[in-house]
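A quick write-up on the structure given underneath.
By letter and in written order, the chains are A, B, C and D; residue numbering begins at 1 in each of them.
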Amino acid sequence: MGVVHGQEMVLNIGPQHPATHGVLRLQVKTDGEVISEITPYLGYLHRCFEKHCENVTYEQVIPFTDRCDYLASMSMNFGYVVAMERLMDIKVDDRVEFIRIIMAELQRIGSHLLAVGVFGLDLGAFTPFLHMLRDRERILDLFEMTCGARLLYNYMWVGGLSHDLPTGFIESTLEFLDYFEPKVDEFENLLGNNKIFVERSADIGVMPAEVAINYGVTGPNLRASGVNWDLRKDDPYSAYSRLDFEVPVGNGIKGTVGDSWDRFYVRIQEIRQSVKIIRQAIDLLPKEGDVHKAMPKKIRPPKGSIYSRTESPRGDLGYYIESDGTSIPYRLKMRSPAFTALGVLNEIASGWLMSDVLAILGSLDIVLGEIDR
Amino acid sequence: MSTYFKDIYETVTSILGGMGITIMHLFKARNDNVTLQYPEEKWPRPERNIGFDHGSYNVIRSRLHVDMDDCIGCLKCERACPVDCIKIVTEKSPARGEDLKDIKHKGITSNGTKKALVVTRFDIDMSECCYCNLCTYPCPEECIFMTGGPNSKKHPIDYEFSEPDRSDLIYRFAKPGSKEGLEKMNQAKDGGE
Amino acid sequence: MTVDYLFEILSGLFEGLIGTNSLLLLSMLIPCLAVFGFITVYGLVVIYAELKVSSFIQDKVGPMGQGPGLHAGKWGLLQPIADALKLLSKEDIIPSSADRPLFIFAPFMIFIGAFISFIAIPFGESIIIADFNIGIFYILGVGSIAVLSLILAGWASNNKWSLYGGMRSAAQIVSYEIPAGLSLIIVIMLSESLNMQDIIKYQSGGVFNWIIFDNPFVPVAFVIYFISALAETNRTPFDLPESESELVAGFATEYSGMRYAFFFLSEYANMFVVSAVAVVGFLGGWQSPLVGFLDSAAWGVFWMISKTAALIFVMLWLRWTLPRLRVDQLMSVCWKVFLPISLVNIFGVAIWTVIFN
Amino acid sequence: MSEDKEKLISEAVEKALKGDKEAINSIEDRVTRAKAKAALVKAQRNQTMVIEEPTDTNSEETPNKNQKLNLSQEIAQKIEKKFPKSIDGEQNEKWIQLKPENWFEIANYLKSDEGLLFDSLQCNTGVDIGEEFLESRYNLHSMKHLNSIEIRIKVSIENPEIPSVEKIWRVADWFERETYDMFGIVFSSHSDLRRILLPEDWEGWPLRKDYEVQETYHGIVIPKVKEGWE
């Protein structure tokens, strides 16, 4: 069959576009509806995170980490405090560890709900998105109850937490989990198994494992490509080594391994695993304990550097901290997972139709706040 | 050919399944709805049971408030602020630990600390505040706090604050006229000597 | 017919005062105004319905309030009026690089397409503005004006997104006219007429005489017609021309205020037209489902509108359930699924009629 | 402070550490008492740290770390063998310091050698280490062997040029662009070395320690002091 080639057109998707999840500009070359080349332009949300960090003390960095990935602020805090504790050799209580894990996993559920919902929204399904926001709202309620803030928490501090759990938190969390578990099945029936959704996402934007590793893609996107790689298992931090959970990987049920549907599916499965982790963490949570006990009076890490990775909902979140022995970081670099995930877009999405490119972009689950920092 | 009919079958069943779910939500709308009718209903929501005990729910981060009577001008909050939205200017008190009636200055805090300084300027730019709560922890007198925080009995939760002008969001907590008043007092003192 | 009827009344009233031509014009204008009023009121109602249906499906309450003013009235009943007022009072922006005359003309043209379809829709035995003998054919014909105006809007905006939207809608609407037409051919075959009233009269005698229950092939034809109608009116899952997450707003990207309102209104008006055709063709038109039950001229209007409303509700319901198809999938559904099934249907109905009648 | 007071404090602290808190509380002078309390806290912390240290080595992280330390030196030796004189300065336990000249070949070797297989570049960052030197640091990770190493390449601030490894790890494409953006380190033979986060016409390299913000940008004065504040 002959292919008709028209004139090439350059089209700017963004910076103001409903499907770019923030302020991202994709300059695409199109041939009709087929997109032949994608050049992302970043930086519209650049807020000089790293430069700021060189001017504030180590405690004051934490509110800034919140604002990088505003959909998973707890995980951002978590990564930073783990890095600082590794650098300063601080050992924190079990209670603190498990509270942190509960918070991080709740945040993972919240973040994945939004990721999956927005993916559906990019494909035109509005209702699942709002159902997922509804449940995410309850997670935010739990966070608000704990630390008073709904989105930007500044909750985890080096060596401890800003607040202990309030009374009734455990009951509320368990109540939420009981309510939430059947809802996951409903999401899967309403969105994931819908034939139109499957047609739109299966076999689209296939990312083979080698490509994913070469491009530094991590987290659910890498696992969807069939690579069993989860820092919670492979380089355990905090108390994750004491918890029992599985790492879901993409297996190409509806199409090829590593397609957009697998990326959706891995996230849904991870939500289920997170529920499991939270239940275990609640069981293991010591009843008593001072969450401020291990907090150093003044944070002055020894001279040296550390690269520490944690598993944020979007993948390997790395902090490179160079300390010169003062209370102000000499250099602090955040290796953001969404940054590398966006880098792979041209490789996996060029050659597809316009609708597919935006679907693939949605399935990668990028947050521009974290990419641009 | 069989995949052709299988596809059609799957499409029809999955669409009908999805429609079933949405129509169930439509019929259960009255019980399931999660909307907060904002101006009438406010957080904490009065009627619907959200599973929390509102009594223990007292850490909402709202706007910052300072009890000037307790402030000793130690500048710890100013140093803790990551975005530099607090600005404090202090001057030495003519009489340590004593009330200065002219400028409504209280000499002793509610914790019993004697104040050596008069705070002549205590500005917080709420339009820059990032609500990180870092300023409230170092305070030795617990006089700066988010409303709805630990002192929520004194100050109600208040998260709806808007101003027509941005400069109105700079809250000035220092007692008005305290700078001039202090100058006058010092002058009078100098003159007296 | 309504026009003749009105003409007789008017000539009785104003005989000798006004010329015959003017009277004829007047008697044509009155039904047009009535249709315009109907479309406007119906538009407000269906916008409200869409808001509420979507909200309930999404576990929200939708527009609510205590009274006029700051609130949108009791149960938010004033919301669509507020929307309409907002659209009317908005600044009318015409991009400087747009093709000005075409840009202005496009929204009116799409509205004309929806508007003139209404005159062939029967609301009762005698309540029809123009009882053509080719009623169904006429509606299918003027329905295609929408394509023209969408392309016009897409081209005249001088915007790449609008162009994409216009081109998509052209391909989509033209393709889906074919399965829709083929499904209606079954109706015409059975009723042996193109006249709307004749088709309805063929179905008289209760719910089991409706064409949809005529033989096992017709329900399939009805479903195909209904889905094609969704595509023709650019409703989800076929809202590609204006898919907001891909093409911003498609052909309507550059439109604002009143002009945008016209696109909006004609989409809903078209929904009514295609649903009304489905009701006439398959569900017995203005006839009561039971013989002798609420069976008068006034109740005819009720039955017609409520049947149409039910179909419109299904359209809303589908919109808030399904994701959107891709362009090539849209085409393959049309040409590879609907077209062969429609053809098989026609054969099936023909053979069935020959054997059983 | 007089000597007898110091003696008093140290005696009281010793007693308190053994469990006799009254020894401190019985000190008459307020200042001395406070100092004694502070000393006690300090001493207690030292004590707990002494206790905690052995538990640290028992936790699962430390053996890993030891292994990594050895690994770093081992790999440095391998590199030295294969590419003589490419190691810069002395060998270090935590990282490998390389000279920029052979970096592309070494990177290729690190990725493709069966025994190493560092197939994932985790992080690349620049650091202004002062004294007119910049450093580019690479954190490598092997998905197969689950090893991690850090490589540092030092260049002078006048001529900051490092071979690009974009062709070896594709992820380096954007990482190197970011490092270029922030530090002005030129990655030679990079296919598309533009600024990535900042606008293309921005002046200066923001994360260098001697950076000063430009006065105006496109005619807009860049505010450095908050308006209406002071």
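Here is the rule we go by: contacts are C-beta pairs under 8 Å (C-beta built on N, C-alpha and C of every residue); 3 or more make two chains touch, one makes a residue touch a chain.
Computed from a predicted model, the values in this text were never measured in an experiment.
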| item | value |
| --- | --- |
| Target chain D, source chain C, minimum contact steps | 2 |
| Chain labels contacting chain A and also chain C | B |
| Chain with minimal offset from the mean of all protein Cα atoms | A |
| From chain C, the most remote chain by mean C-alpha position | D |
| Higher-contact pair (C-beta pairs counted), B-C versus A-D | A-D |
| Rounded Å distance, chain B centre to chain C centre (Cα mean) | 53 |
| Chain A-chain D separation of Cα centroids, rounded to whole Å | 24 |
| For chain A paired with chain B, centre-to-centre distance based on mean C-alpha positions, whole Å | 28 |
| Mean-CA-position distance for chain D and chain B (Å) | 36 |
| Shared-contact residues (touching 2 or more other chains) in chain B | 15, 18, 21-22, 25, 34 |
| Per-residue multi-chain contacts in chain D, two or more chains | none |
| Residues of chain A touching at least two other chains | 127, 131, 134, 190, 194, 196 |
| Chain B to chain C touching residues, read off their complex | 8, 15, 18-19, 21-23, 25-26, 29, 32-35, 37, 39-40 |
| Complex interface listing, chain C residues touching chain B | 53, 55-61, 64, 66, 70, 317-318, 320-322, 337 |
| Of all residues in chain A, those that touch chain B in their complex | 56, 59-64, 66-67, 127, 131, 134, 137-138, 141, 144-149, 152, 154, 162-163, 166-168, 171-172, 175-176, 186, 189-190, 193-196, 198 |
| Complex contacts: residues of chain D adjacent to chain A | 52, 55-56, 59-61, 94, 119-123, 125, 127-128, 137, 139, 143, 146, 148, 150, 169-171, 173-174, 182, 195-199, 206-207 |
| Chain C-touching residues of chain A, taken from the complex the two chains share | 9, 11, 17-19, 33, 120-127, 130-131, 134, 190-191, 194, 196-197, 199-200, 353-356, 358 |
